[in-house]
Amino acid sequence: MELLLSSAIGMLTAAGVYLILRRRSFAVVLGMTMLSYAINLFLFSTGRLVVNAPPVLREGAAAYTDPLPQALVLTAIVISFGMTAVVAMMALGAFIEGGDDRVDMPAADRLPGGSLSAKRMSGDGDA
Amino acid sequence: MSPALIAALPFIGALLPGLLIRSGRDVAAVACAAATAVALLGLGLHIPAIMAGEVITARFAWLPSLGLNVHFRIDGLALLFGILILGIGLLIIAYARHYLSRRDPAGVFYTYLMLFQGAMLGIVLSDNILLLLVFWELTSLSSFLLIGYWKHLPEGRQGARMALTVTGMGGLAMIAGMLILGNIAGSFDISDILASRDAVQASPYYLPALLLILLGAFTKSAQFPFHFWLPHAMAAPTPVSAYLHSATMVKAGLFLMARLWPVLSGTPEWFYIVATTGLVTMVLAAWIALFRDDLKSLLAFSTVSHLGLITMLLGFGTKAAAVAAVFHIINHATFKAALFMTAGIIDHEAGTRSIARLGGLRRLMPVTFVIGTIAALSMAGIPPLNGFLSKELMLEQASQADWQGHPGLIFAMATLGAVFSVGYSLRFVWQVFFGPVREDYPQRPHDPGFGLWFAPAVLAVLVVLIGLFPNAMAGWLVAAAASAVTGTAQHPHLALWHGVTPALIASVVALAGGVVLLALNRRLLAARAAIAWPEAKALFDATTRAATCAAGFLTDRLTNGSMSRAFAALTLTVVLCGFWAFSTGGWQGATRPMLPIQPVPLVGWVLLMVATCCMVAFHRQRILALVLVGIIGLMVSVSFIYLSAPDLALTQISVEVVTVILLLLALNFLPKFTMIESRDRKRAADAFIATLAGLGFAALAYVVMRSDFAFPSISQYMLANSYRLGGGDNVVNVILVDFRGYDTFGEITVLGIAALTIFALTETLLAGTSGRRLRNWVHDSRRAGDRHPLMLVVVTRLVLPIALVVGLYIFLRGHNMPGGGFVAGLVVSVALVSQYMASGFAWAQERQKINYHALIGAGVIAAGLTGIGAWFAGLPFLSSAYGYVKLPGLEEFELASAMGFDLGVFLCVLGAVMLALNSLSRIARAAGGTTNLDPMDIDPSKEARR
Amino acid sequence: MSHLIIAPVVLPAVIGPLIILWMRHDLLLQRVFSTAATAALAGVALYLNLLAAGGEVQVYRLGNWAAPFGIVLMLDRLAALLLLLTALLALAVQLYAIGSGWDRKGRHFHALWQFQLMGICGAFLTGDAFNLFVFFEILLIASYGLMIHGGGEMRLRAGVQYIAYNLAGSTLFLAALGVLYAVTGTLNMADMALRVAQMPAEDTALLRAGAVLLMLVFAIKAALVPLHFWLPSTYANAPGPVAALFAIMTKVGVYGIIRFFTLVFPQDAVTQSVVADLLLPAALFTLAIGQVGILGTRHLGRLAAFAAIGSVGTLMIAVAQFTPQGTAAAVYYLVHSTLAAGALFLIMDMIGARRGDLWLRSDRAMPDHGLVAALYFVAAIAIVGMPPFSGFIGKLLVMQASGTAPAMVWIWATILITSLVAIYAMSRAGSIVLWKGAALGPASTPAPPAAGGPKLEPDESIQDLGDAPANWLAIASVMLLLSGIVALTAWAGPAMRLAEATAAQLHDPAAYVAAVLDGQEGTK
Amino acid sequence: MIRRLFPHPWLSLALVLVWMGLVNRWAVGSLVFAAIIGLVVPLVTAPYWPGANGYRAPHRIPAYFMMVLWDIARANFTVARIVLFMPRRALQPAWIAVPLDLRHPEAITALAATITLTPGTVSCDLSEDGRALLVHAMHAPDPDAVLDEIKTRYEARLKEIFE
Amino acid sequence: MIGYALLFAYGCFGLALLFCLYRVVFAPGLSDRVLALDTMAINMIALLTLFGIDKGTTMYFEASLMFAMVGFISTVAYAKFVLRGDIIE
Amino acid sequence: MIAEIIVSVLLVLGGFFGLVGSYGLVKLPDPMTRLHAPTKSATLGVGAVLIASLIWFPARHGVLTWHELLITLFLFLTAPVTGYFIAKAHMHLGWSRDELPRPAPGKDWATFCDPDKESFVDRQARD
């Protein structure tokens, strides 16, 4: 079981990283989602794996699984949901404002006029 | 007067022009002059004590733990420089009052000038090398401001930058040198350092310290090869040139060498570095000065040359040479300041400083002529002026110096320098004042008013007086200063006539050579013009431009806005660092047995892996990718259930659906497909990085799962006390609302903020240009009819109330069974979403106005108030101290106070989710949406009723 | 136990929602309440400094739970100092935002501002590793909202990058916490310190991995090379006052490293080489990249951003010494660089408001420049570390603290050479923009854009700032920040004594641990 | 007054049952709580369910429900046989337009649901005037028979119940 | 006997999940995939119920209920997206 | 014992129909036909398993739970709507109006209606 879960975590991570390395914001959002699945599973697994021993107190239960990582994962799920919502909205906003959904900053962020040909203008006008 | 007050007076003076900004330039000048005069007076009061060999000190702690303290000392050297700074400063203030035109902001000028004066005075009065550093850099800064005073002049701006850069570089090197020096000596106080000569010179760090400090001194004093900045600083107004670039600032380097002379000098390293640099500078700069056309430039190079001369003298390391150096400092300050002022007057009156356009001013400006000629002849070393005296001393010392076993070398070079010196001095006098009166001056020159020639006249008188009566006029000062420099009492005898010495012969040779040079001047100029000399400014500009371009290239290429690169760097860093950290530690191997693999979980695993692969493969088909995300989320939730985490499964699956809805809302506008943009090589590289990350994280997870806790987990306590102290059977929920309720408080805040951010962004989008763009939006796909299908509307009429009841159930049961406020909030949100999907947002919102802002606010406040409530019981925030209340006759739920907290969670989650969805759907509605009046588009019963 | 310890979190956490609930349509009310709350926060922070000045670590046990089981807030000198710094910076910058009218350019500015403060204060106060994550998220999400305040394409794009990158950072944070929990079985930092110290030497691999991941998390926030790529675009595109507030955000990362690697993983722990081998080179590169960036960039906003990166580099050099002397220097320099970077961002905003854009181009007039130029001059001196301001003192302290380090030559050379680059770059930028711009005069119009390039539109949102009313408030707030620098310079001695006491407390974690875990009568 | 308090009495009853099923405890306290829920929740959701109307013969619902259950069980076997054993080529799917006599949305929904739940047929769409239902049959060699069954077996009964 | 029956049912629904996966991956159109996803959720409910019978616990009821709700909502959302683009209009 | 037999039969039955339903998803030739299969696993497949559970808990553990019944009813309530929507999506994506029977002369199915020519009163969105 440990092998299954860890390989699944690895697979989700790889998928997430690959998608995040794409150039369109939607792929990046999907990658974020994948990554958060991976991390949630991982964080959960730090309580180690137990089948059918949920941490809900009841008569005659022999053992319970570790409840703490579960609480942490819950918090993490919620937070990553909020973050995903914001990034999706922001990607949408950037798309509507800019007309494409690339994630890379356009050259105009770094260079006046957005092109290297404008370098002269930005240079030391004294020279 | 305390040395500290003396040092502070110029700074106080610097404030005055600002405070008196409306009073005009006379008031500013008088205020500054008064401050300077008071400081000079204060300094003068100490003369008797200093002559008696005392050192006046003032000590204030500033940063004792670093050794940076406000320690001042006035000894002979400080006195000498102090008198120069304040005395000439006074003259400059007077001169500048008449020099500056009405358009120039005089207040600003005087502020800068006084700042500089204070910084310079601080340098010479410091008894702490770190404090000295502070003032040192301040002179660079104030000189930057003064050189760039005429902002409209490109030369001014460039010269200011160049001066700042070069002297700044030296200053930075000096920081290191001073720190090393202080650490060797064990103190940063000059008094202590001066006493630790042996320790310093024996230290292995002596040479680095020496080099670094000298770098500072040489750049400041414009020594070769750092001399090039000074001529370009001549773009400054002439009072500045006269003050900073002849009399004071450039002498800071000399001052420093003199100040540290007892500690650093006397070694071969010192001699060869300092004396050689000085010699080369002296000769080279004098040679260059011969050819300058600009008066101020000529004077600037001559200044460089004379600074080289003094540097060389200090470099000799002998006491007699030190005396000569000190004396020449005085003399140079007097004649050079006078010359600069003269040049300024000529510029002011004739409208040009170009020698080629001048000549014949002797008749038109007799006063100026007299002053300028006296000063220039002193510079040339013509007796009986003061320049002659110190030059004789210099030549005397040079004749005794030995360079690598070549005894006459330095003497010969020094004589050559003297020849050039005479040459350019005579050229200054001859080509400016003599010759026929011209008709083509830019403006008709005549002698200026008293205010302008008074200051140089004073200096010229001093030139003559010191030359005639050296011992009376300057002997005492030289003695005091030289004593301070050498550390032993000096009683130099200054005289015009020492007999026929090698120095005298050299002087005569110099005079003769100078006359010859003047005669050959035109031919020399032509010859020099024919050869392409490396222009220092061009070199500097090329260097800085290359540095700027390189920096720009590096910065633009490195931080090029590519997120992919940023992530690749992050991923690789994490993987490599993680691997390195892990592999350099010890792992005992697996200590936990593996759980057996059951077939059904195996199926789930296959599903998850395949879905993930497909997701990557098909991510360009965005809706499909979203469906696959749904499957992956489903599988993750199920695995939570299988591995004993029902709460997680509930949360994951409900978050999942809201996420999908949210992304669908966004995807409505985004392109539905992604182009292939990356080249194969990039994709392969990305895949490699991704695989690396996947393998790394999988390995980490595997190791974690197979290792036991090294210590018992704190969750044992939570399991044991969840019911007894937390009042709930569902330990996860008790952790969430009680043990770690503070986390949850933060978490709902995050959600609330997320929603507010989304709302604010929506508002911004709808209000701005994109609002217009949205209203003209054309959807890229064909849309089906029937927006609000009858069947969905009808079923929702049942599903919504049922879901609300389920939400209530999950909320109330959460403390004891899987569930809780968070999941309940999501369930209710999803239920409301189904209503909105069925009949449209606007229709539903019109019927039941739910203020989502208020829900968020109320939720956070409710959770917060539950926490604050504990304060009234004297307990910390979020203490659930109320115990339990059973509602009689009703459902038997235990109402722990934590439930109030959970209610806050519920409200906040509901409000946040709905506000976010609402905001997103508002964008869609702005894009040409319509609002329906009926819950369903097709309603046959309506006709029947009609 | 004073309930005021939690006030820096609860106060903004209550004011923020109140603003949303009752004042969301009334800007004046928002301004009054928000400013009052920030001022109150500063007051509380001042009180907490007095409380911490006794040298005793104060513990606040949330929910009245005993220490490793519940969450604790910890107030020591460092936390108190950073709270005060945050509150003062926030107050000044908030006044600027009001004075310049930035808070009118979008919705919920003040609510987000309060939440931002809540997150930062919570992060400084918490004694629980996972709770630190939660408050990191609060401060991050609020910063997302603030960053895109006012909208605009470039800002939104930069925002997407900023979020995405920090989401990756959050993921990493969780991974690190997971590993640390899986090894130590605890989340309380003091308890973790105790357990790490008892860790058997042959079982250190996971712990080391966890420590290095945690360090990388903080390195992302602190923008250490090569994890700094997110910063320039973010800060350059954020609204001026927001970027100024962000000056404290990188310091949160620095705080994390100081806290964890003095308390949980001190120098003698099994994780020692994790930090020693990685942090210093990263710091040096950060300094170099930052200062070179100042010279290399053509945009004043990015210039300030690179200056912020460079100052983090200097700061981390001091931190990476992990000696009391180094930490003391770091604390001093931290305060300085926060104020200086904050002021610089505000000044850049003022310049942008007067010129119409922030490109470093010589054909733009700079009207009404005298005061702005003076402010720029002071801030530039402060940020590049020239005398007389605290930047110089800080630089001396950092150099002196690293004077006995093996890599001393590298450290000093990097600091000094990059300082030169920065000095040249700042003087170049200033003389082009302010001197040349002033010489151009107010009447001159911008030159037409270069052929071939897209049309360069002045940022509309900035343009109308120039005639915003109450601009004196904006100038006063910048002066407030700069006067902080002056005070830090003038009272360098007392400030350094405080820093040294802070460092001494940090390097004696036993007292901290004892304060948390001992004497827990009356808790559940 | 009663009408305003109980806008949808049948819904209230259903919710009481749902609550009792959820808490899974037949105690008086639960029942009281369920009653409160039955009162409040329909009131809250009433705005979304305008123009409620009473049903003519609600007592026939259980019988109809049992009949549908039986049909589901029966049809399941038929469909299983088709899925498992019938070759693809032999399959004769058909679109059937069912003209509707029903007018009430609830009734139409109930009919559509019945059609979908009984294996072999799926209700796919409504006509633009709401007077016909589009049904897809998986294997209908004789579409008219299917149409006939729908009309007589289900629609007629639903009309009795609802209208 | 119940053990074998459980095993059989586990196998059936597990296999059913794989069939659904096949249809998700190899489908001519989006609606088929949505259908497969919906079916998957329903099969999951069955598996959960089997798991509950197997382990003798009712702990997983809430999860089943949630799966049912979520399956419904998300299927409607996907379909509505295909039909109209805007799912909340 | 009798309960066990009943439960076992129901489980086998449920498993069988669940499998058949999903198998149909694979086997059946066109999307519209495939739509029929899973509605079966939703009804009888899951239904049988849920009823087995409903019987099993009181019989074996002595606890009566109505939860399964609730889930069954909920599925019965919602499955027609999901089927309806997926069918509409099919029609929208893959069918033209000429391939389908007309509801009445001159009338069309709702999915094919021109969304701009609605028969009811609309007003422009106000915000």
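Note that the chains are named A, B, C, D, E and F in the order they appear, and that numbering of residues resets to 1 at the start of each chain.
Basically, a contact is a pair of C-beta atoms (placed from the backbone, for glycine too) under 8 Å apart; a residue touches a chain by one contact, two chains touch by 3 or more.
A quick note: this is a predicted structure, and the numbers were derived from the prediction, not measured.
*Asks:* Go through the assembly and pull out the chains touching chain C as well as chain D.
*Replies:* Touching chain C and chain D alike, sorted by label: B.
*Asks:* Between chain C and chain F, how many steps is the shortest route if every step has to go to a touching chain?
*Replies:* 2
*Asks:* With centres defined by CA atoms only, which chain is the most remote from chain D?
*Replies:* B
*Asks:* Give me the ID of the chain with the smallest distance between its Cα centroid and the all-protein Cα centroid.
*Replies:* Per-chain C-alpha centroids ranked by distance to the global centroid put C first.
*Asks:* Average the CA atoms of each chain to get its centre, and name the chain whose centre is farthest from that of chain F.
*Replies:* The chain lying farthest from chain F is B.
*Asks:* Look at the interfaces A-E and B-D and say which one is made up of more C-beta pairs in contact.
*Replies:* B-D
*Asks:* Nearest whole angstrom, what separates the Cα centre of chain A from the Cα centre of chain B?
*Replies:* 34
*Asks:* Per the centroid of Cα atoms for each chain, what is the distance between chain D and chain F, given in Å?
*Replies:* 12
*Asks:* Give, as an integer number of Å, the spacing between the C-alpha centres of chain E and chain B.
*Replies:* Centre separation, chain B to chain E: 59 Å.
*Asks:* Distance between chain A and chain F based on Cα centroids, please, to the nearest Å.
*Replies:* The separation of the two C-alpha centroids amounts to 34 Å.
*Asks:* Multi-chain contacts only, two chains or more: what residues does chain B have there?
*Replies:* Counting only residues that touch two or more other chains, chain B contributes 157, 548, 552, 556, 559, 561, 563, 567, 626, 642, 646, 667, 697, 700, 704, 713-715, 718, 739-740, 743, 747, 750, 753-754, 757, 761, 764-765, 768, 770, 783-787, 789, 791-792, 795, 798-799, 802, 806, 817-818, 925, 929, 938.
*Asks:* Could you say which residues in chain A touch two or more other chains, in rising order?
*Replies:* Expected reply: 20, 25, 28, 38, 42, 45-46, 52, 54, 56, 68, 75, 79, 82-84, 86, 90-91, 93, 97, 103, 105-106, 109-111, 119, 124, 126.
*Asks:* Could you pull out the residues of chain C that touch at least 2 other chains?
*Replies:* Those would be 130, 134, 137, 141, 144-145, 148, 151-152, 156, 161, 164, 168, 175, 178-179, 181-182, 187, 233, 297-298, 428, 431-432, 436.
*Asks:* Strictly by the criterion at the top, what is the full list of touching chain pairs?
*Replies:* In this structure, the chains touch in these pairs: A-B, A-C, A-E, B-C, B-D, B-E, B-F, D-F, E-F.
*Asks:* What residues of chain A sit close enough to touch chain B in their complex?
*Replies:* Against chain B, the touching part of chain A is residues 1-30, 33-34, 37-38, 40-42, 44-58, 64-68, 70-71, 73-75, 77-79, 81-86, 88-93, 95-97, 101, 103-107, 109-111, 119, 124, 126-127.
*Asks:* Which part of chain F faces chain B closely enough to touch in the complex?
*Replies:* So the residues of chain F touching chain B come out as 74, 77-78, 80-81, 84-85, 88, 92, 110-115, 118-127.
*Asks:* Residue numbers of chain C touching chain A in their complex, please.
*Replies:* 130, 134, 137, 140-141, 144-145, 148, 151-154, 156-161, 163-164, 167-168, 170-171, 174-175, 177-179, 181-182, 187, 233, 236-237, 297-299, 302, 359-363, 428, 431-432, 436, 447, 449-454, 456
*Asks:* Give the list of chain F residues in touch with chain D in this complex.
*Replies:* So the residues of chain F touching chain D come out as 16-17, 20-21, 23-24, 27-30, 32-33, 35-37, 39-40, 43-44, 64-67, 69-70, 76-77, 79-81, 83-84, 87-88, 90-91, 99-104, 107-111, 113, 119.
*Asks:* For the complex, which residues does chain A have touching chain E?
*Replies:* By the definition above, chain A touches chain E via 52, 54, 56.
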